[in-house]
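Structures incoming, each one as structure tokens.
There are two complexes below, and they share subunit A, which is joined by subunit B in the first and by subunit C in the second.
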Partner chain A sequence: MSWVTEAAAVFVKEWVSEWRTRVSLSSVGLFAACSLTLIALALRGGAAPGREAAAALLWIVIFFTAATGLGRSFVHEEERGTALALRLSARATAVWAGKYVANATVLTLLTAIASPMLVAMLGIRVVNVPLFFFVLLLGVLALAAVMTLTAALVAQATARSGLLAALSFPVLAPVLLAGVHGVEAAMGVGNLSGSIEPGLGDLQVLGSYVVVAVTASLMLFDFVWND
Partner chain B sequence: MATFGKLFLGVWIALVLVATFLWLPSAVPAAAGGVFSSPDLARIIILHLPNSMVVIVAAFVSGWYALRYLTRGRDPVDDIRSKTSVALAALFCVLATVTGSVFARVEWGAYWNWDPKQICIFLLLLIYAAYFVLRAGIEDAEKRASVCAVYVLFAVVMTPMLGYVVPKYMATQSLHPKNTQFDAAYSWTLLAAGAGFIGLYAWLQNIAVRADLVRMAWEEYQCKE
Partner chain C sequence: MLEIQPVELELTQIAKTYGRRRALRGVSLAVTGGEVVVVSGPNGSGKSTLLKIVAGLLRATGGAVTMRLGGRPLDPAERRRSVGYASPDLSLYTELTGRENLRFFAAVRGLPHSFDRGESLLDTVGLTGRGDEFVSAYSSGMRQRLRLAFALLHEPRVLLLDEPSATLDEEGVELVRRIVADHAASGGLALLATNDPREKAFGERSLVLGN
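On to the complex of A and B.
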């Protein structure tokens, strides 16, 4: 089998096994719903927060939802003892790629549903929709790249809950900084033309981070996987 | 040889301290265009900056041994060296934070103000804390070694980005002076202190690795009993 078919097979397998139980999807969805409700309750439907607070809230929801949901994929393999079979049937890099794409799609789905809800709830207008879209997309790709590796590390540990967030956060700090700034820029006043210009620096930071994170995560994954 | 090295290091650091407090002139006062509001107390920089140098050295050393562990036959001694270096990096990180806070208090008026460099060092501390939680969470020694080595390498690759990205986004301009022109006395004392601190790190690393080897041998012996 070629590398691409292997990776695609891992990706399909992830979704098929996820679809049987929908544990990850529903836990991610519920976590996001709970945190959105908490924000709504805390603001008591009244005072609208500023752009900075809104951008920060959005990234808090995305980051912690990702940290609860993405840890499952490798833990699941270890618990059911399927990791060995997967090791035999695909190359490590193909397994990484399949899991990465699966994680990235879950996160993209989550972000696509949660971010418009949050924005609508807070009563904030996103002036620059293309910028908003690209910042979130690149941010999600970076989050998934880091968490695919850290999830594989955490799957070997005993205290798994919470550890994924602790391991990923300091490494992901540049993404969160650039992401918050980019989302803020997209909510900015004026500039209705929809050009990417005001957040160009953020997109550059996020883009280069994604490249570095994907490379490092892919290269190091082999050492945890084929152990 | 070892005794001579220890003696030399002790005398060296003592000389650095003497130079810091007795020989070094106070910094250029703010009134004369200097950057420090309390020029006399700026001497603490000799005890502050070298800590950050050690953190960088120790971080790269731990990354190097992690790489060696993963690529060269999984020698448990490499894992111990990498772990010890991470622990020492964490220790010097704490020292840099504490001395930096005191420095910030006397020169800028606040112990902590989310200066970009303070944020970077805080994130490094978080990484080291996470590393030791991860380490404590894995029972199997071989698995623990390889998982931790991967995390160290990942952190070593990803953290240099912090240096570029964090200053770009923090609203507070860094109060750490940029392109500081130290006068010759300061540069030489700093250099000597840096060399002394790195020597101190090497000495500590050596002791800690040997202590861990003894511990490992003792555990093996107990298992056989």
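On to the complex of A and C.
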């Protein structure tokens, strides 16, 4: 129970700090808003892209928004010297868990706002809403898990710019592939009846990935954080 | 009544290199509860590095650190969470108040009665009435006092203080002296890294590091 209390304390502190400084929220929000605005401007008066391109666009926005915002929490800790106080006080796994839940919450909120906007802007009908919802939710949980671990690694590096996206992308390739395919299925690509069957495999891949990513992060984070 | 566990610290031939630069070579020391050791030496002699190695924040490239609490040796992770550590490169959250910082660190340490402990520590370090101010509004001296409160939060048996009086006024220097003396009197051990003559007088033993 004590571990849960520790992780919960880190989570609450992350949100209080975030609410007062708006470090991640502003960068994540700004990036998402700019991306959506650019897409809207590019589509002005022209033909909307197909559903395949729409699915890819959605994941591009989510991936790069996550890469922009989620790395900040550990970088901020290292730059300010608070990481030292945290290392002396909390168990590594509790730090990871608290930050993971905080990052996943930010990314889920962003996705909940950005994805309906993008779908509406592109005029695409989602034929299976539960499939769309669960593919995005599992994808976001997987993205947050990998990026929280990678962000702690990147925070130790001298040249941090762009490193998070570069290091995370190959690891997240299965998530992005399953995510794009799952969203395509939810949008009716090869699935005009709106059945869940074409997206079931993607949900399984994403669900398994979340379990593996969280387990691996909990096992590895001590080495990343303390060594 | 809580039983006070005896504490011992033994450093054996500690060495540390950063790339090709040698920061520490063959440092050995044995300290028991009730003792205060002043670690001094010129800039770059490895005082801060030695304290970080003892705290488990850095890995030595050679030698061994053994810390025993109640006769039981602690592993580096246990050592890290059991020492009280304050140094100039340790910062607390500026967007939180002093009181919120202490409550947060007490919570992640799983300390019971964190509210009372935080309150009494704010009084101990001379921050009475300033606990609800954001740390960003604190002066450097007040931040140092809060660092000392952070180091004392979990009632550690080993206190590692790196330049503890830096940025403190005369009253603050006296506060550090009192903290160190009380700690030793209660059977704890302390290592102070300093070149300040006032702080050197706080310890009865000294370890001088060379370049």
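In this section, the second predicted complex is superposed on the first by the 217 of 227 C-alpha atoms of A that agree within 3 Å, B and C clash if a C-alpha of one lies under 4 Å from a C-alpha of the other, contacts with A are read in each partner's own complex, and residues count from 1 in each chain.
By our rule, a residue touches a chain if its C-beta (ideal position, glycine included) is under 8 Å from a C-beta of that chain, and two chains touch if they have at least 3 such contacts.
Note that the structure is a prediction, hence the values are computed from the model and not measured.
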| item | value |
| --- | --- |
| Touch count on subunit A, higher of subunit B and subunit C | B |
| Which of subunit B and subunit C A:M117 touches, first, second, both or neither | neither |
| Touched partner set for A:L163, first subunit B, second subunit C, both or neither | first |
| Partner chain(s) touched by A:A56 [first = subunit B, second = subunit C, both, neither] | neither |
| Subunit B versus subunit C as contact partner of A:Y209, first or second or both or neither | first |
| Which of subunit B and subunit C A:L43 touches, first, second, both or neither | neither |
| Partner chain(s) touched by A:L84 [first = subunit B, second = subunit C, both, neither] | second |
| Common ground on subunit A, meaning residues reached by subunit C in one complex and by subunit B in the other | 227 |
| Complex interface listing, subunit A residues touching subunit B | 146, 149-150, 153-154, 156-160, 163, 166-167, 169-171, 173-174, 177-178, 181, 201, 205, 209, 212-213, 216-217, 220, 223-224, 227 |
| Residues of subunit A touching subunit C in the complex | 2, 5-6, 9-10, 13, 16-17, 20-21, 80-82, 84-91, 94, 222, 226-227 |
| Interface residues, subunit C side, partner subunit A - complex | 55, 57, 59, 76-77, 80-81, 83, 85, 87, 89-96, 100, 104-105, 107-110, 150 |
| Footprint of subunit A on subunit B - complex, ascending | 70, 123-124, 126-127, 129-130, 133-134, 137-139, 142-144, 146-147, 149-151, 153-155, 157-159, 161-162, 165-166, 168-169 |
